[in-house]
Amino acid sequence: MQRVIEIIKEKAGKLLADGTVDRVIGWKDGEFFYDPTPAVFSAGELENLRYDSFCGANVSKYLIAETKKEGKILALLKPCDTYSFNELVKEHRVDRDKVYVLGIECRGKADINKIRDLGIKGIESIEELPGDELLVHTIYGDKTCKLNDVLLEKCLCCKSKTHVASDDLALTGEPMPEAPKDRFAMVAKLEMMTPDERFEFWRGELSRCIRCNACRNVCPACSCLKCVFDNDASGVASKANADTFEENMFHIIRAFHVAGRCTDCGECSRVCPQHIPLHLLNRKFIKDINEFYGEYQAGADTTSRGPLTDYTPDDVEPSIVMKRGGDQ
Amino acid sequence: MKFSYYPGCTLKTKAKDLDAYGRRAAEALGITLEELPEWQCCGAVYPMAKDEIATKLSSVRALVSARDLGNDLVTLCSACHHVIKRVNGDMQNDENIRTKANNYLQLETPYAGETKVIHYLEMLRDVVGFDELKKKVVNPLKGRKIGAYYGCMLLRPSKEMQFDNPENPTIIEDFIKAIGATPVLYPFRNECCGGYVTLSKKELAQKKADVILESAMEQGAEELITACPLCMYNLDANSTAHKLPVHYFTELLAEALGVK
Amino acid sequence: MPATEKELAETIRRISGVDTRKCMKCGKCSGTCPAFGEMDIHPHKFVSMVEKGEIDELMQSKSLWTCLSCFACVERCPRNVEPARLIEAVRLAVIRRQGENYLKADQIPELLDEKLPQQAITSAFRKYSK
Amino acid sequence: MSIEETKKEYKPLIVAFCCNWCSYAGADLAGTSRLSYPADVKIIRVPCSCRVNPLFILRAFQRGADGVIIAGCHPGDCHYTSGNYYARRRMTLLFSMLDYLGIERARTRVEWISAAEGVKFSTTMNEFAKTIHELGENKKLEDLRCKELLK
Amino acid sequence: MSSLHKIGVFVCWCGSNIAATVDVAAVAEAMRAEPNVVYATDYQYMCSEGGQSRIREAIKEYGLTGVVICSCSPRMHEATFRKAAQSAGLNPYMVEIANIREHCSWIHKDRMDATAKAIVLARTALAKLNLNQPLTAGESNVVKRALVIGGGIAGIQSALDIAEAGYEVDIVEKTPTIGGRMAQLDKTFPTLDCAACILTPKMVDAAQNEKITLYTYSEMESVSGFVGNFTAKIRKKARHVNEDLCTGCGLCQEKCPSRKAKNEFNMGLNTRTAIYIPFAQAIPNVPVIDTEQCIHFKTGKCGLCQMNCSAKAIDFEQQDEIIERQYGAIVVATGFRPISLERFDEFGYSQNPDVVTSLEFERIMNAAGPTKGQLVRPSDGKHPHCIVFVQCVGSRDTSGCGKPYCSKICCMYTAKHAMLVREKYPDVEVHVFYIDVRTPGKNFDEFYRRAVEQYDVDYIKGMVGKVSSHGDKLQVQGSDLIADKQIIIDADMVVLAAAIEPDPEVRKIATMLTASIDTNNFLTEAHPKLRPVESPTAGVFLSGVCQGPKDIPETVAQASAAAAKVIGLLAKDKLKRNPCVAHSDEMLCNGCSACEKVCPYGAISYMDKEFRVPGPKRTEIRRIAVVNEAVCQGCGACTVTCPSGAMDLKGFSTKQIMAEVDAICR
C-alpha cells in the first residue's frame, strides 16, 4: 500500500505541474526531528516536504498571509485543520478561491513528551511502522510504542476523521483508529470541584504563564492584525505579566475573544512551553455554548452564525450560573 | 405498546367492570397494561394544602415504581387519575413538596415527576388514535344516543390536568363516535355530581345528579357513560326521579370491540 | 394554647398557598358554585373573610362541609385565586384539632349501602377526618 | 465622624453598568421615589447593556471592585431591539467562565430593570450590596499593584 | 490624559434637593484639587438662567475646554447644559453630568456618605471628560412625507391633519377599505349618533384629499432607515380588479355565484360573495376577489364577473405590487380586535349561536347589518324577550385565559346596547352583569345612569358562572353579590363584552420599526405622561388603540396629537443626528464581519481598501468595516463583538468607560 506522504507528493506534484497551484504549504524538518514546522514549497522543492506522526501543527492560519499573495496555494489540511480553515473563510480572513485544499489522512499525532513519559530516554529519531506503531531509536537501542498511547491531547478527543472542506483527498484507505474519549471530561471534573479548589487549580496553572504569546501566535482564531493586548490605545495593553491578575485577564479575554469561533484544534496547549492546559478554557466555553444554545461546532461550515453573534428570545439568563453546580 | 397500569381500590371491588372491560379492550387493541406491583390506595382525594406531604406519598410511590420500570403510567378511575396526576405535578413544580417527599421516601434516585401520567381515554386518543380505534370496532353501536359524563376530576383544574377543554370537552364524544354511536351534547356534562359529599350529604349529591340527568335527557341522551365509579354511583344508584342507564365507557368499548 | 385568629389566618394563607389580595370581588366563584344553595358563607365571601382574618366564623361555617371540591371556582376564577383551596385549608384547621373530626368511624355503617364504592368512604375520611 | 474614619469599616465597592434607556432611568426613578440603597453602588451609564465589554468588568475587579452588576432593558424591550440579547449571551458565558476559574459567582450579576421599575432597582441594589458585603473583599481577582496604590 | 484641558466644575444645590444631603461646597472644594480642573463652584440652581450664565461666563473667562456639571440626571438637563456650553462657544459634547441627585442625594441619608459618593461621581465624570472628543452632530434631510399604518378612524384623522398642514401622506390599510372598526359600529356613546354618519364623511375627505394616497388591501413589507429618512416597502396585494377602470357599479357582486364566504364585516354573522365590496360606503368603492373562494381561481371556470363587467375592470392575472417610498415620519394606527373567546367556553360562545360578542351585537343592531337592524336571535330569527349582557369577559383576567388590563370601552358600549334595546324594544328584559361600572369621561356616568334610571336596565353586581342551553332558552347562572344570591336567568340571548387586544399584526410592524411593545402587545410610548404619542424610536408616532384601550374621542384626540408631532418634524428641513455613533479604526479592522452580524440597523458594510505595508510589495488590499453614521444608532453591540478593538463608540469609547471604572475604583 502507498503511504500518505507518497500520495500527497504525487498529487502535489501533479497540481504544481499542471499549474493549478504554484506552491504548497505543508511541513518541513524543524530544529529537532519531533518538531516539523509549517513551510511553503515551490515546484522542485517537494522532496523536503514531510508528513508523519509529528506533523500536528495546523497550517491553516498561514493561509491568511499566503492568500494575500498572487497565485493559488495547495494547502495540506488534516481533518481538524479543515475546521479552522472554514472558520477563517467564514470570517473573510482567507480567500477560498486562492486555496486548493488537499484533505490529508490523519491517524492521530504523537506527543514527544508522552513518549518520554513512557520511560524512553535518549531519543534520537523515530520511524513509523505499519499498524500505528512507532519505532524509537535511542542511544540505548531501539524501542517501540503504540501511537495510540502517546497521542497529543487534542488527538485524544479527535472531533472528526472527515474533512469539512477539501478539493481533493489524500487517503490510504486503511481503516481509521478508534474514536476519541469524552473531550469535556476534564471540564466537568473541574466544574464539580469547589470554587476554592478550582481557583487553586487555575492559580497553579496560569501562574506559570510567561506571556511568550505562543498560544496567541499559533491560534487560527487569534488572527487580529493587532491584538488588543498589543494596542496601547486599548487601555489594556501589556506585554508581560506584572501581577497574577494579568495572567487571568489575558487568558480570560483571549478565550472570550475566540469563544464561538474556536474549533477546539488544541494548538494552544500543544505549543505552550509551560504546558498550561489552555484548551480547558476554550472547552469550557464550548461546553457551555452547547448546553445553553444547542450543539455548535465552529468551522463545520462557512455560513452559520456563531453563537455570540446570534441569540434567541428564550436564551437562558446569566443567573443560570448561580443555579448550576453545588453550593458556594 | 406497554404501559404501567394503576387500577385503584374501587376497581378491585365495586367497579370491577370498569377494570375488567378496560383490560380486555386494551388487549384487543394490542396494548399491554402491566399492573404496578404493590400499589397502594391513592387516597381518593388530592390533598390541596401545601403542608400535606404524607398523604401524597402513596401516589408518589406508584409514580416512582412506574419510572423505575421505564413506563408511562395509565390510570382508569377519574379520581385516581386526578390525584396521581396532580401529585406528579407537585413533584415537578413544588420544590418544597418534592424535597420533603424525597426525604420521606429515601429513594436511590430522587423523584422529580419524570413519569408521564395518562388516562385510559388519553391513551385511546393519543396513543391508539380514534381513527385507528374506529377501524378495530367489530360491533359498532349504531343508533345509540349516548351522553358523555365527564364530571370534575378529569377536567379541572385544567392548568394541571391538561386533559381537554374544561368547559367544552370533546374527548368522550369523539370516543363515542369512534365506537359507532351518536354522542349527545348537553351542557351539564362537566358539572359536579356531588361526589365527595355522597356519604355525608346524600340529598345534596342526589340533587346534583338529578340536574345532570335532566340536562342529558332534555338533549335526547338515552344512556350515559362515565369513567368514575363515584359518578356512576351518584348518577345510577343515588339519583331519584330520572332514570337513565349509566355505563362505564370501557364496557361499551369492550362491546364495540367484541370482547365483552 | 389555641392559636389566635390572626395566627390562624396566617396559617390558612400559608397552607392554602392562596393570595387573597388578588381577588377583584367579581363573584364568578359564587356564580359558578354548584353547592351555593347549601352554603351559609358563599365562596366570594369566604375569600373576603380570609382576607379580613375572620377565621373563627369560617370554622363554624356549614360551607366547609358542603363544598364539593369540584374545582369549578378554581377553573373559572379570572384572578387565579382558587377559593376551593381556602375552604380546604379552613376545613383542615378544624379537623386537625383534637376531637374535631367531622366524620367519625362509628357513623359509617348506617350510611352505607350495597352499591356505594369505597372511594366514597376513603374520600370522606380524607376530607373530614384526621 | 469624618469621611476618613468611615472608610475603616468594610465598605464594598460596587460598579453598576446601567443602560441609558431602561435601567439608568429605573435608577432615576428609584431616586425620584426616594428608594434608598447603599452608597457603595456607583453607576456608569452606557447606551445599552451590549456596550459592556468583559474588559470593563475585569478592569473593575482589577482596580478593586468587589462586585459588578449589569442592568439592562428586559429581554424583548431593548431600545435597540436586540442589544440585551447579545449582552445576555456574553454575560452568561463570561460569568460561567469566572465561576470556572473559582471566582465567587455572586460577585457578578445581570438584572433586567425597566424605566418603570424604580422599586426593583433599589431592591436589586440592596440585595446585591448585601451579598457582596457578606462575601467580603474581592481577593481572587485583584491586582495587588492597584491595591498598593490605594494605600 | 491631555494636560491641555482646562475644566470647570459646577455643583448644583438644586435648592435643598441636593444641598440638604450633599455638602456641595465640599464637592467643589475636592474637585478644585483634581488635575486639569481650573475652576469649581457651586450654585443654587444650575439649570436656571442664572446658573447657565455662570457656566457661559466661566467658559469665556477661564477658557474652559470642558465642563462637569454635578446636578440632576442627565436625562433631565443634559440637553440644557449642552446648549448653554454651545452658546459660549464650547463643543456641546465636552459637557459631562455627574448625577448627584437621583443617584445620590435622594437615596442616601447620611451626609458623609452622600458627599463622599458625590465626589466620586464628579471625579468619574471628570475622568470621562478628560477623554472626550468634540463631536459634531451631522445633519440629515427630512423627507416631507408621512406614512400612516392603519386606515381606521385613528389613521384617517392623523392623515387628514397632516395633509391639512400641507404634507403628503400615505395610508396603508390591510383590508380592502378604510374605515376600520368604527365602520362596524352602529351608534356611538354617549351621544348615540350613528357611527357611519360621522365616519363616512371623513373617509370621503381622506379619499378626495389630493395630499393623501390610499393603499388599501396593502401590507407593510419592510421598513428601514431612521427618523426623517425611512424607506418603506408596501405590498399592494392583487385585488384582481383594476381600480382605475372600476366604476363601483356592483354588478359583479350580484352575479357572483360563490356566496359562502363568511362576511368579515358582519363578524361572520352572514355570508358574502367571492368578489365583494365589504360594505356600501367602502372606500375605495372597488371590489376585491377573495381568491380562496372564487370559483375561477379554484377551478379555472366561471368568470361571470369578468363577462358582466362593462368597464373591463376584472383582471384575473393581476399580481401583487411592491411599492417603495421614502418617508420622514411614520404613524402607527393598527387598532384592535376583540379577543378570541375559545378559552371562555363556560359562556357557551362556541356552542350556542345566540351567545354573541358585543361587536356582533353591534352588527345585529345596525340597519345595514345582517338582520337589517332587526333584533332577532341568530339561531332561529326569533325576537328575543330577555337579553343578558356580561361585562369583563377576558378583561382584568390574570388567570392566563384573558388580558390583565381593563378594556376601558366595554362599560360604556354595554350601557349603550342595553339602552338601545330598551328604547327600540320596550318589551325586552335586559340584565347586565358587572364587576364595576367604570365611566370616567364627559357625560359618561350620566349616560350609564340613564340606562338604569330611565330605561330600567337591570344592573347586577356579580359575574356569570355558566351559560347552558335549556330548551330554546339560555340558562344564565350567575351571582348577585349585593343580594348574596346565586341567580338563574332564562335568557334568549347573551351578549359578551369581550376584551379587546391590539391587532396581532402590530408585533410584526413594531419589529420592522424597532418600536418597543409591552407584554400585552400594546406599543410603548416614549414617556407615559409627557410623550404619550411618540414611540421611543425617533420618528415613529402612535395613534389609537395600538397604544392602549381608548374610545373614539380619545382615539381622535391622540390621532391629532400624533399628527401635530409629525407636522413638527416634517416642518424641519434638517435633523441633527446623534453624533455618538460607532467608528471603526481601519488600521485595526480584520474585516471579519462579526460587527455586521450583530448590528440591528444594518449600519455596517465592508469595503476593500488598499493599504501601504512594509516590504517589497508596498500595498495590500484589506477588507474593512465602514459605519454608516446616518444609520447607526449608537448601541455599541459591535464594539464588544469586535475582538481586535477596532470598533469603538464615540461618546462612550472603551477608554472613556475604562477611565470611569478606574475613577470609581480609585
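To keep things simple, chains are lettered A, B, C, D and E as they appear, and every chain counts its residues starting from 1.
Just so we're on the same page, contacts are C-beta pairs under 8 Å (C-beta built on N, C-alpha and C of every residue); 3 or more make two chains touch, one makes a residue touch a chain.
These numbers were taken from a predicted model, which means no experiment stands behind them.
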Remark   = The chains touching both chain A and chain D are E
Request  = Would you mind checking the shortest number of contact hops between chain A and chain C?
outcome  = 2
Task = Give me the fewest steps it takes to get from chain C to chain D if each step has to go to a chain it touches.
result = 2
Query = Based on CA centres, what chain would you say lies at the far end from chain D?
reply = B
Ask   = Which pair, B-E or C-E, has more C-beta contacts?
value = C-E
Message = Among all chains, whose Cα centre is located farthest from the one for chain A?
response = C
Inquiry  = Going by C-alpha centres, which chain would you call the most central?
reply    = E
Message = Distance between chain D and chain E based on Cα centroids, please, to the nearest Å.
response = 32
Request  = Please work out the Cα centroid separation of chain A and chain E, and write it as a whole number of Å.
outcome  = 52
Ask   = Approximately how many whole Å separate the CA-defined centres of chain A and chain B?
value = 60
Task = Averaged over CA atoms, how far is the centre of chain B from the centre of chain C? Could you give it in whole Å?
result = 24
Task = Could you check chain A for residues that touch two or more other chains and list them?
result = 228, 235-236, 308-310
Inquiry  = Two-or-more-chain contact residues of chain E, please, as numbers and ranges.
reply    = 346, 400, 466, 598, 641, 654, 658
Remark   = Residues of chain B that touch at least two other chains are 166-167, 191
Key: Chains that touch, pairwise   = A-D, A-E, B-C, B-E, C-E, D-E
Note = Interface with chain D, chain E side, in the complex: residues 73-76, 99, 101-104, 106-110, 112-117, 120-121, 124, 511, 514, 516-517, 524, 528, 536, 580, 598, 600, 633-637, 639-641, 649, 652, 654, 657-658, 660-662, 664-666
Note = Within the complex, chain A is touched by chain D residues 54-55, 58-59, 61-62, 75-76, 82, 85-86, 88-106, 108-110, 140-145
Note = The chain E residues in contact with chain A across the complex are 587-594, 597-598, 606, 620-621, 623, 641, 643-645, 654-655, 658
Query = Touching chain B in the complex: which residues of chain E?
reply = 344-346, 348, 350-351, 400, 466, 468-471, 475
Ask   = Can you list the residues on chain B that touch chain C in the complex?
value = 8-10, 13-15, 41, 43-45, 47-52, 55, 77, 79, 152, 155-158, 166-167, 191-192, 194-202, 204, 208, 229-230, 232-233, 236-237
